[in-house]
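Once you scroll down, you'll see the structures, which are given as structure tokens.
Presented sequentially are two complexes of subunit A, the first with subunit B as partner and the second with subunit C.
On to the complex of A and B.
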């Protein structure tokens, strides 16, 4: 098995010491998608949520204030760049760092919102994300101990051992917790009820793209073939 | 054939066939419910109509996301056609395209400022938790065949027989995914359920809606194409067409005869099917 089995054609490598970044069709598509969304978020305004007020003929309008807008946009851009980094990196430790950064800024993006339900949800997600750092970094550490390298370009050529498979399972649990996908999605869904569409989309985008990349990383490490 | 001509031809076929398949689906549903139903080319006519209608933009929309998101939706499914029928590339890339489709559903809903769109956006987050495990069927295919390249999977089936007989539970999962992406009264498609009008599409008008409708047709074609390719192997164009018509008619019958589930029931149904499919397929691969 090699890198092209999963990601399609190898378009190029960027050797940085023992860390070799590689670009396959799959990585490039995900990287480009993350960057396109980040650019759109940087230039987009937020929507206004308008709802009919119950019992009167008035409308209720929810919008994002200027100060809140600036903070959330900054954090969203950081999140987008971290996601793009996680898509293209060829180093396992960098991947875990990017995933952790995504977890932190995801909480930051909604923590400026003054809504109790949203803050509760962000708090619960934060707890899960913090707990998930243990299997995330633990998994990467086990893989380093078992292989002597964190470069995925090297790891793919090392026959998998029980410790590498165990490490990759821990890594997957860590990524699932950090990105808040199933079975942890219930902690995160309420965060999306607030206004600020462009900022919320990066929370969802980062979770799904990281999970898809994590599948590639885990299959490269555990190598069922 | 020239690559660009190949892409254009395949995208056009995907759009036209997908549109007509929608018509067949609505016709089947209507006949089951003792209605005459719309003409089979209705989706095509609607798409054309939206391109000549005035495009209006809500004052509440998040610009330019509200506009660009429809183009992104179209672009990712054109990319899917390139990865699928044109180059027979990696399945993992199709997985990524499907993940971005969920993001687009999310943002198309929330960027308009409409409460219906917003509910659809929140439901897109919920349903992603269930649909992505269903799409994990592709990982099971990888475990069985040892490759993610569509061309090699087709070659594997030419040698070992169609995967539908080896991995029936994985096929069931994929059918559940297709039902969840079925646009007309699907029991599992909570992002477009009629209790929230048209979900994330509610506030997109004119040309923007036209782009969404083109994408819907291509999405439907591609989901059926991927199913037929990974579970039946190399088929002739005629067999693809027959397979797609049969699947569409079957799903039309399912949609006509089942209630639209609420979000919690829909997600739990999909997660249950995914659990049975993934665990069952792995057991079957190693012990049968």
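On to the complex of A and C.
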């Protein structure tokens, strides 16, 4: 798999010593999308959940306090920036670090909610995210050992070996666990069931964008076609 | 393509790679089995650290200087995740007990230790450790000097440390952090000035890590102020 086959036009490279960043249409679009969404989130306010009580005329309201709001907004912005970084980075280990940062920040966003059930599922998600660091970093280390470089711009030119394919499978398991997709989604879906919507949406968006980028990275490394 | 390993590397080291990978995966599996048997959340949290060790083994198995540089972020990520999850666990237990109004102390500093040695020894020890740390420089030196400053703080707690000093220290740590970043950038942007970059990074990191102790002082300040009143 060539970089241009997957990512469209190669717009340029940024050589920083060993690490050569490359910018393609695909990367640039995802990067810009993540940044735009981060800006939107930085300007927004949280929703209020209002439910009508049965049998009376009262409303039940769930609000987010000011301190909690500030912490959540800060962590959401960090999460958005980490997602944008994971979209544009050309270094395999930086990619894994951005993914784990997203995982940590996702736990942080829901860590101050009042519902015990949500905290419970966030704890379960955190355990999975911690366990996922083994395949994530392990896969990146295997690829480093097999190719001698972490720059994806260089890895593209190296024909894939069995060790590289094994490493990319491990990497995919790690990304899946860290961003809470397919086999691990159950606890993450429960995490959203609380007030404070726009900040919770970034949890969802970051995992969506990261999984798309992870598939690009894995195709670049394992070159199945 | 097989990446050639330089001849200076002994064949024993090269042959250790595959066993090390298997060891890492095995450690992870043992950790997962232990987690499957455990039912209490706190035990699960502690056992996830074993899986983290498996990750460190796999990264360390690569055995180059780049792998050494990758272990540190891996370790930091492990620590950050375990801190985040333990905070979550604490907040959940506090919600369950409905003790949200009470605050939990992070470090129970005000220990009433009235020993004479705490009046005389701290300055001497702190100076020795800070000088030795400056001689070492870098991360290790920062840790040594930080231990000296921390020892000074903890032993002076009974007499009270002026708060301006600690606020100043933590502010300096932030400024020095920028020095370290600039030094790091010089490596990439202008590799010719690597010596300047190296020294900026080494001493920036030294002062930064040493002054991190100041943050503990800031947290502790609230405690001993209350104790004195």
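Heads up, the rule we're going with is that the second predicted complex is superposed on the first by the 223 of 225 C-alpha atoms of A that agree within 3 Å, B and C clash if a C-alpha of one lies under 4 Å from a C-alpha of the other, contacts with A are read in each partner's own complex, and residues count from 1 in each chain.
The rule is short, and it goes like this: contacts are C-beta pairs under 8 Å (C-beta built on N, C-alpha and C of every residue); 3 or more make two chains touch, one makes a residue touch a chain.
Fair warning: this is a prediction, and the values are worked out from it, not measured in the lab.
**Student:** Should A:43 be classified as contacting the first partner (subunit B), the second (subunit C), both, or neither?
**Tutor:** First partner only, subunit B.
**Student:** Classify the contacts of A:120 with the two partner chains as first (subunit B alone), second (subunit C alone), both, or neither.
**Tutor:** Only subunit C; A:120 stays clear of subunit B.
**Student:** According to the stated criteria, A:93 is in contact with first (subunit B), second (subunit C), both, or neither; which is it?
**Tutor:** second
**Student:** Using the superposition on chain A described above, determine whether A:32 touches subunit B (first), subunit C (second), both, or neither.
**Tutor:** In the superposed model, A:32 contacts neither subunit B nor subunit C.
**Student:** With both complexes overlaid on chain A, does A:14 touch subunit B (first), subunit C (second), both or neither?
**Tutor:** Neither partner.
**Student:** Kindly list the residues of subunit A that each of subunit B and subunit C touches, one partner per complex.
**Tutor:** Shared contact residues on subunit A (touching subunit B in one complex, subunit C in the other): none at all.
**Student:** Would you tell me which residues of subunit A are touching subunit C in their complex?
**Tutor:** Per the stated touch rule, the residues are 16-17, 19, 93, 97, 100-101, 103-104, 107-108, 111-112, 114, 116, 119-120, 122-123, 126-127, 129-131, 133-134, 136-138, 140-142, 144-148, 150, 158-159, 161.
**Student:** Looking at the complex, which residues from subunit A come into contact with subunit B?
**Tutor:** 1, 5-8, 25-26, 29-30, 33, 36-37, 40-41, 43-51, 181-183, 185, 188-189, 192-193, 197-198, 200-201, 204-205, 208-209, 211-212, 215-216, 219, 224-225
**Student:** Could you please specify the touching residues of subunit C with respect to subunit A in the complex?
**Tutor:** It comes out as residues 1-3, 17, 21, 24-25, 28, 31-32, 35, 41, 44-45, 48, 51-52, 54-55, 58-59, 61-62, 66-67, 70, 73-74, 77-78, 80-82, 84-85, 87-89, 91-92, 95-96, 187-189, 191.
**Student:** Report the residues of subunit B in contact with subunit A in the complex, numbered from low to high.
**Tutor:** Listed in rising order, the residues are 59-66, 68, 72, 76, 79, 89-90, 92-93, 95-97, 99-100, 102-103, 106-107, 110-115, 118, 121-122, 124-126, 128-130, 132-133, 139, 142-143, 146-149, 271.
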